[in-house]
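Across the two complexes that follow, subunit A remains constant while its partner is subunit B and subsequently subunit C.
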Partner chain A sequence: MAKKIMIIDDDPDIVTYLTDLFTDSGYATCSAADGAQALDVVKAERPDCITLDIEMPDEWGPRFYRKLSQEPEFRKIPVIVISGLNATKYAVPKAAANFSKPFDREELLATVRQIVD
Partner chain B sequence: MFKNILFATSASPACDDAARVAFDMARRYGARLRVFHVLGAPTRAFSQLVVDMRTGEEVSLDDNYLDLVREELKTTYAKQLAECADCTIDTVVGFTHREILRAAREMDADCIVMGASDDSEGPRTYHKGVTGSTLQRVAKAARCPVLTVARPSASYWGGVSNIVFGTDFSRASDSAFRFALKAARELGAELNIFHALDISSLASSVALSQDEIEEKVIQARDRIRAKYVANLEGFTNYEVEVWEGVPYVEIVKFAREKQADLIVMAHNTRELDPERARIGSTVEQVILRANCPVLSVNRPDKI
Partner chain C sequence: MNEKILLVDDEVGIRKFLGIYLTDMGFEVATAENGRQALEVFETFDPAIVLTDIKMPVMDGIELLKALKARAPDTEVIMISGHGDLDLAIESLKHRAADFVTKPVNHDMLEAALRNASEKAAMRRELRRHTAHLGEMVREKTALHQELFDAAPCAIAVIDREQMLVSANRQFRDQFGEPGGRTCYQAFRHRQAPCGDCKAMQTFDDGVSRETETVVTTADGTHRNVLIRTAPIRDAAGEIVQVMEMATDITTVRRLQCHLTDLGLMVGSMSHGVKGMLTALDGGMYRLESGIRKADMEQVASATAAVGQMVGRIKSMVLDILYYAKSRALELETSDVEVFAEHLAALVKPRADLHKVRFMTDIASELDTFLIDVKAVSSALVNFLENAVDACIADRTKQAHTVVLSVSGDHEWVVFDIHDNGTGIDQETLDRMFTLFFSSKGSKGTGLGLYIANKVVRQHGGSIAVDSTPGQGTNFTIRLPREVPPECLRGEDPDEIAAAANEEPGTAEKTAAPKAGAPGNGKGDRPYCAWIGDMADDE
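== the complex of A and B ==
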């Protein structure tokens, strides 16, 4: 069964881009448009890895991460931060990896493979 | 909670992170935001020659120059201004801290938002560990709380759901506690009441035994219960924690551990002469090092 990557980003273009990138590489995907709905999607979809944007309209990435880390069942899901903001490594200190937009797709895929496979 | 916010900016990159917080607060809480820039000080009274705050150059103050500065501010914050419903931009001439305080009084500000930098430039910030003189002067004299954002990572706002109130049990901390409680109640946030037991100053030349330290931790916990928990007025979403160590280090660590959105502290100082007093060294270090905005409260006026 294909590993599932969840994409959390308010930019639909980024969601489409990452969905295509992961799907083409053999992963299943699911997505959420901001942190507020993301936890429900996590519970429903049970992803193996999450890519997380920081700045989103309702609930920002760090807030979602905090909620996620309070859920014993889901706290160990690796989170990869992908954001246009600087210093994101301090925003989600326990993230598995950090990428700045624009990011290198091959580098991202290699990181996902390393984390998930 | 936040209805009138004064965002004091130099429009330099040092204020970018504070801008993110100020605009997000205004949008999220439906507040009126005043973007306020002091462009320079007159070389002498009523002079049209002004020393530009950022460049240090003397410039002639005319309509063209004022328009130029306003336009620069609009360009700097174009994206945020487009999303802000109730926002004004003001530029004035004068001494920065005085004008900021005057503007805050005029608009009856609930909160002043500022960036933090030190008196020097570049990487010396953390070597010196001293905040800039404008912040010092504003924080000491402001009637309303002053929210400071010093690091990019301190600017991830997105609302407040977890507040750390750091106390040293001083009188000034009482005002900070009232503000933290009010904020937690109105914003639906968790309130973490935290005290850092300063073991470096408890016994200057004698190392305390662990039993003595733990006894003092228990006493501090009891003190928090008596002083703060007893005054929570039915508020139940709180936690009490006491750690021993160097206070600013422990507060920053605790806030990081709790993934706090906001640290509330009093800026207490041991210096009695108001002219010489800086804001307390602990809050100063917390401001420079924290991963979230730090709100310092000095007076009960706006609480």
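== the complex of A and C ==
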């Protein structure tokens, strides 16, 4: 069964982009537009990897990450931070990888492949 | 010695004998045989020294002495007294004779008396020359100081302990009016009571110069940012009797500083949005490429549309930045209101159609023309119209959405009414909507749009009113004068005009009740930085 990648970003254009990118590479995807609804999506979809934006209007990335890491069942899911902000590694210190927007497509795919497969 | 000496004696022998002797000593000598004649000769000869016998007919030596001292007090008068007129000789000293010698004249004594007298005369002349020179120097220096005082590139006022203006230089008089009978707080601040924390009064108390930055109001009512320095002025005894206040105008510096701060803030706050847009553009390109690869024409078409939209967003953002970065002067041209309005509608309609928002216009006829910067005003109004369309797109509660652009006018104003039945605007957004970098659209907005739109409208001397009910819709009314008022045409910053008019900078008239602590409060002392401070408060 294809691995599932979950995309969390408030910009629908970016969600579409990442969905296309991962789908074309043979992954299944799911998405959430902000941190608040993301945990419900995680529980329903059980993704293998999560890409996380930092700045989102309702609940920002680090807060979601904190909630995620309090869930024993899901805390091990690797999180890749993709953000327009600098110094994101301080925002989510345990992230599996950090990408800043605009990111290099091939590099992102290589990282995802490494983490998931 | 080449003093002039007048020798007065009734005895021709003495006149002759002493005359030769004095000439030998180097004096220029004239003679007279009594007091009266001596006074006549004195007039024309003008001697420094008079050597006179006491006892003479017609007018004696004492009388002559009195007359001379009355007429020319600087004249050195030496008395010659015979035997037995010692009392008279002593009396002559009371009338300020320089000295006396007794007959028969002892040459050594005479010589000593003459030397003293001529030295005194020379000294007196020197003193007079110095005094005259000093007076001239004082006059020159005073004039120079007055000139420096007047020409100093700052407004200077001198105040006394009662804070009354004692004197003021030219720049002060030009900007704040004549000092006469006014206090410094009346002149600088148009206040009736002293300012709290008066630096000048503190300088009065301890003699220490102080510096403060503040905003003052000139005689014609404009606000200026100034740097005020105080300095004590002491009297001869070292007591502080007055304090000088020097106000340097730093309005342009402040304005520039604000502009630079804005630019810095703008670059910082926009980088996130820009990165998002670039990523989305990458996404569009990817979709386009993969569509071409798969020969999926439907995907190619939708990706092309997405890329086009993204490019449009980036373009308008870049133009906004350029508009903000360079505050350009208005390029006014006479435009037909109807043609302008139709053009505006044509710009917005495709986007409304795309999102199934009904776009309607209600343009009155015979609207005549107005004088505007067409590019600036149309981009400002497109901004309002696109916001209206966005508010409709974002609304999920109503079945059908409509944006109506109504244009009307009278002989002075052209009024654009933009009505939508979208999401409506909440109070917080209403309060902040014209603030730089405020965006209610998350990563989609740059926070520049309405700020610039507001600036453009104000640059034209127009106004914006907003009436909105959350959940029901919004009505924007933009009023533009048919001709831009002169104070706007001087190229002054609209914020400055707003500050001078004592309005809330960066905030248009709002019909919704303003919330306490809304932006623009507390602007009083810093007309140019008011809204920057507000922004900081918002963070």
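In the analysis below, the second predicted complex is superposed on the first by the 117 of 117 C-alpha atoms of A that agree within 3 Å, B and C clash if a C-alpha of one lies under 4 Å from a C-alpha of the other, contacts with A are read in each partner's own complex, and residues count from 1 in each chain.
Rule of thumb we're sticking to: a contact is a pair of C-beta atoms (placed from the backbone, for glycine too) under 8 Å apart; a residue touches a chain by one contact, two chains touch by 3 or more.
Everything quoted here is computed from the prediction, not taken from an experiment.
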When subunit B and subunit C are modelled together on subunit A, clash or fit: clash
For A:Trp60, select first, second, both or neither according to whether it touches subunit B, subunit C, the two together, or no partner. first
With the two structures laid over each other on chain A, which partner does A:Phe103 touch: subunit B (first), subunit C (second), both, or neither? second
Could you tell me if A:Leu85 is touching subunit B, subunit C, both of them or neither one (first, second, both, neither)? both
In the overlaid three-chain picture, which partner chain does A:Pro72 touch, first (subunit B) or second (subunit C), both, or neither? neither
Going by the contact rule set out at the top, does A:Asp24 touch subunit B (first), subunit C (second), both, or neither? second
Under the stated touch criterion, which partner chain does A:Thr16 make contact with: subunit B (first), subunit C (second), both, or neither? second
Where subunit C runs into subunit B (options 78-86, 186-194, 222-230 or 312-320): 222-230
The shared contact residues of subunit A with subunit B and subunit C are 55-56, 85
Touch list for subunit B against partner subunit A, complex: 151-153, 156-159, 161-162, 256, 259, 261, 291
In their complex, what parts of subunit A are in touch with subunit C? 10-11, 13-14, 16-18, 20-21, 24, 55-57, 84-85, 100-103, 105
Please give the residue numbers of subunit C that touch subunit A in the complex, ascending. 271-276, 278-284, 286-287, 290, 306, 310, 442-444
For the subunit A and subunit B complex, residues of the former touching the latter: 35, 54-56, 59-63, 65-66, 69, 85-88, 90-91, 93
